[in-house]
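Below: a set of structures, written as structure tokens.
Same chain, two partners: chain A is paired with chain B first, then with chain C.
Right, the complex of A and B next:
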């Protein structure tokens, strides 16, 4: 029983509408958007962000923003690439992949431990650990840009499939890595929906005290959630590094804001027990669409940030408004 | 005598040097309705949290099913059949009704994977037990307060509960809902479930309980059968002092001087066509059940509602109370229903709390805030209202409910309003502080202040009001005056 009114009370509806309108605008100008190459390009550009979106969503759902994942992703990918990125490593891609994930998980455990034990705001905790992670990378590990060879580079350039636009003759490749995104989303979907851990995450975000009273092991769930988030962030870092074919430690830094914005736009509110995969996907895809296509609409580079910011604000205002009650009584606060 | 099902022995617990529980023992028997009473801060909630495994006691033991525990975890407690229905319901607003009803059982089961089919069945059985009709897919955030309460009760029934602890279960229910709650409680009692009913509403306690335990300052001062207790002794054990049930005559206002008036006032979704008058120097009651428009009317008079139709007059002049600032300028003060979220800055000192309503008066002509004057003024109010502890630098959150309410009163009295509107002035306030608040209101009204009290506490209305407006279904159902104000008449007009 989904009524029209209900549909228009949801943030998701507006985000999808904005995305569609935007797509139509780009299509009218360039004729390249609703095409096989346009879609593949969008999927490729969103790929890594979709992975980071999962990390951010986990943190936003149960506590608040996580700003440490870019540093953690870079650090994990950097260490992994240092070990396995040369010509000398020609073995299976799974070993560097798992090593990278493990490093990320350890970093996530640090976040999770502090969050679970001391109950500090996630923003503060992850600001701190972010500094530590990047400090380790640039300090003792002396990170710098290096080109990748061997298995990791091959993995990065492997294609899942290619498409050719019949009109323009342009080609677009979807990387093999896109499979990782799909698998990750399936795993996280299962965890969130069908496990006590996942439901606990929503319960904690909804009302932490109530979650404890219900018998959820809130500290354990928080710890696990950040560990998982760390591992996923590292996967994102790994994918990015392989895809670029080089270690470039500073590339991902600062990306946290765009992901937080994407999640917010998608309808997730910090520490509110709201947030699903669908929200992440639509938020990320819309933002990537805007970022990649504003030039096509003839909007100068520097105005793009203004435009992106405006979209985020409008999206948030609309969704908050739709949640308000329609009674004549004004509530304080 | 039924068998003992749960007992605590010699439990002590302190928080940062404050002794919350001091060597407390009590026992609960199967199929009994055991009332636990005590003023705010007497240790009621602490013992509940110990029994439910939320706090670990410093010493003492918990005996259940013949086994002894020095501490319990929340899931152990649940597995032993102990269920707590908290005052704030402890529901998850963003999850569905179905999940709210069944998630605790799923957690207690200890499985890692969720079985939605099993959860739906659990939820359905739970609502069936109390004949609740509710959309299983609805989000709990979208339900009314009364429905949320019923969900919380239904959730407790999911488990093979042996002991159900209800913490102030009736605080936000209408009388009809209380009646149906009591029916459920009696039904559970028949089935051998023990109910611990935490309340300090006298009438309810005597109506429902088989035995009574009263806490004061972290000690169990008496456990006895309900038949051995009367109201006077109850008050004595609660407060440790004799409260003389003074029957003062409520103040009669001056009908020739109308301070405030509404004409055909309508607020969409709340009430309609309300015409009323407030005389100078009277305490006017607005009675009515939850959802009758009582609370909303009080809020509208203070500029917190969008008026759809009709007008408000203050001292004969039509006014547009479009905002709280405007209301203040017109000499109206407002003590909100929920002082914790609407009336106090919990993490600030008493000085800040009292000063906030009249910063202008406390500032020099250049607009600088005068700290010394504010401190002196606050001390004056602390002394006048006998707020305890009397340290003006204390944070508001450290005070008991009654004293917090006095602080809210102080900050409005400090503005010297001509009209003071109080919304549920003694909700969660203990007997002793209640009387203090009544005395204060009487004092100020006799000096010429006009007071409006919106309250669902019939005894309170009867005690201090000479005129009462009774709301029902968003309209004025009756106006009672003087001798007409009886408990029976009030109940009849509001149900």
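Right, the complex of A and C next:
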């Protein structure tokens, strides 16, 4: 009895229920959802967003939202692609990958430095750095769309496996890059659960002063978390660029809203020390599902923003209130 | 009691305003030295005052939310929705000739209905933040997306153009170097100044922002005051939307999304504490003018692409945050 009550106090339950209901709705209309191709397409569509979700989760858990990652991801992917994206580079994919990660980490360090040193809202700090990153990309570097060649393009089109729907005969490929997502999630899972860094991240999120008094090096942990976040964001940008097969600097911009929404939907509260990988996954998958399948339900594309907005609002209201009843604390302020 | 609190607030506020005033003079001197005979001219200042009202008003809208301890990220979308409704309404009535009364009456009706829309959007934010306790950033992020969606549905993703000239010619009215836009901004600023400093609602908003728990225990109805604050913010956003459609004679659901960052920059520049509880309308007005002066100055260098401005704005935001923080903390420790 108690455990059932507990289950219905959790945001995750509702998110999964909504996702299932939506899936059933799409399935009944189109018959394309609960099939092997449908699932592979969903995995492929949410791949990059899952990576960005990790960045956002790290930031949301310890301090607050990070809105600079799309600019940072675009900037680092752009620089990497400019260096390694040509025909002349035919070497290993690991070098551009690591270079991209390093650029992202440097960008993340700027966020981390300011966030660790001062007690500013992360939203405002990252708005500032976001403007700097995108300014650098368009101003001095004169970013524009270019098609990729060589190793990066090959890596982007490599498949892990492909499936064929026996009913419709449609084919769907899962890119090799999906492995990166799995490895990243395993690494972050390990970091969050079994290291002082991970435990400290949650401690800082729930109460910074208490974390400091109990001996966590809060400044160091905050700095590390943003650096890691920057590196992960760069990986996301790298994956996106390889996958599309072209440098398109403006594509990712504005995506921060969707990811923040996905994380909140999944049950992560900004700066509350709450959040896990599972929350990111269900939030991202639900939002991507809705975005990709509205057309299947016969709803015009320009209704997409209304739906996303409404879902964010309803989701946050429900999750805030379920959290309050869950913890049993009546918040006054 | 209230008198003393007023003096204390004033004391801590005097500082940033003074700082910006110094900065403004410095920017003026730099401008006239770097570009002699081009910067300190009537025409240049006329263009400065013409451009700043839109985001000056948006900054005021963000300001009141920031003072109350939150933030309003939906202002630009509210402004765009209002601009779209205004543009569509006017081109359907005056533009196609089927209306009763005079064009002036139609414009007045349109303005009023747009104000109502702004207030409704603000009330939605206020309800979410106050009554439903959603963190302001998330609530306004979501409502911004929703409002963007509504605008997109209204326009079907297109831009609104062909706003009747009876309305857009109002933007050309000028008194010496001050266009009509600027007077709207000035009126908004004066009214906001009076609201924030001379009314109990204003003082309570500061209190909620500095310590919402203490505000509850001292008998302030947070929910109601937050609702009012966000409604004012929505109203100001609608004013900004009207001005923007008047000046540009077109409107788009996602027009000027970078204004969000810019209006936050203005607030921080003007000495508003991003954690709430501190800020000054005079600072906002001066910050708006200074930043527009800097922008105009950068525009005068033709070889610098406009994207360099993003770097400057971002860097300025971070630098001002840190400078304000250091100065405030020094002040506290000295006392």
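One rule holds for everything that comes next: the second predicted complex is superposed on the first by the 321 of 333 C-alpha atoms of A that agree within 3 Å, B and C clash if a C-alpha of one lies under 4 Å from a C-alpha of the other, contacts with A are read in each partner's own complex, and residues count from 1 in each chain.
The working rule: a contact is a pair of C-beta atoms (placed from the backbone, for glycine too) under 8 Å apart; a residue touches a chain by one contact, two chains touch by 3 or more.
What you see is a predicted model, and the numbers here were worked out from it, not measured in a lab.
Touched residues of chain A were counted for both chain B and chain C, and C has more of them.
In the superposition on chain A, contact is made by A:128 with chain C only, not with chain B. By the touch criterion defined above, A:213 reaches chain B but does not reach chain C.
In the superposition on chain A, A:303 makes contact with chain C only, not with chain B.
By the touch criterion defined above, A:205 lies against chain B but remains apart from chain C after alignment on the C-alpha atoms of chain A.
Judged by the touch definition given at the top, the superposed model places A:194 against chain B, while chain C stays out of reach. The contact surfaces that chain B and chain C form on chain A in the two complexes overlap at residues 332-333. Across the interface of their complex, chain A is touched by residues 52, 54, 74-75, 78, 84, 86, 88-95, 99, 103-104, 106-108, 111-114, 116, 267-270, 296, 299-300, 304-308, 336, 341-342 of chain B.
Partner chain C is touched in their complex by these residues of chain A: 64-65, 114, 118-121, 123-125, 127-136, 138-140, 142, 254, 257, 260-261, 264, 269-270, 301-310, 312-313, 316-317, 320-321, 324, 331-333. Those residues of chain A lying in contact with chain B across their complex are 193-200, 202-203, 205-207, 209-216, 272-274, 326-330, 332-333. Taken in their complex, chain C has these residues touching chain A: 71, 128, 132-135, 137-139, 141-150, 152-153, 156-157, 211-213, 215-217, 222, 257-258, 260-261, 264-265, 268, 274-275, 305, 307-315, 317-318, 321-322, 325.
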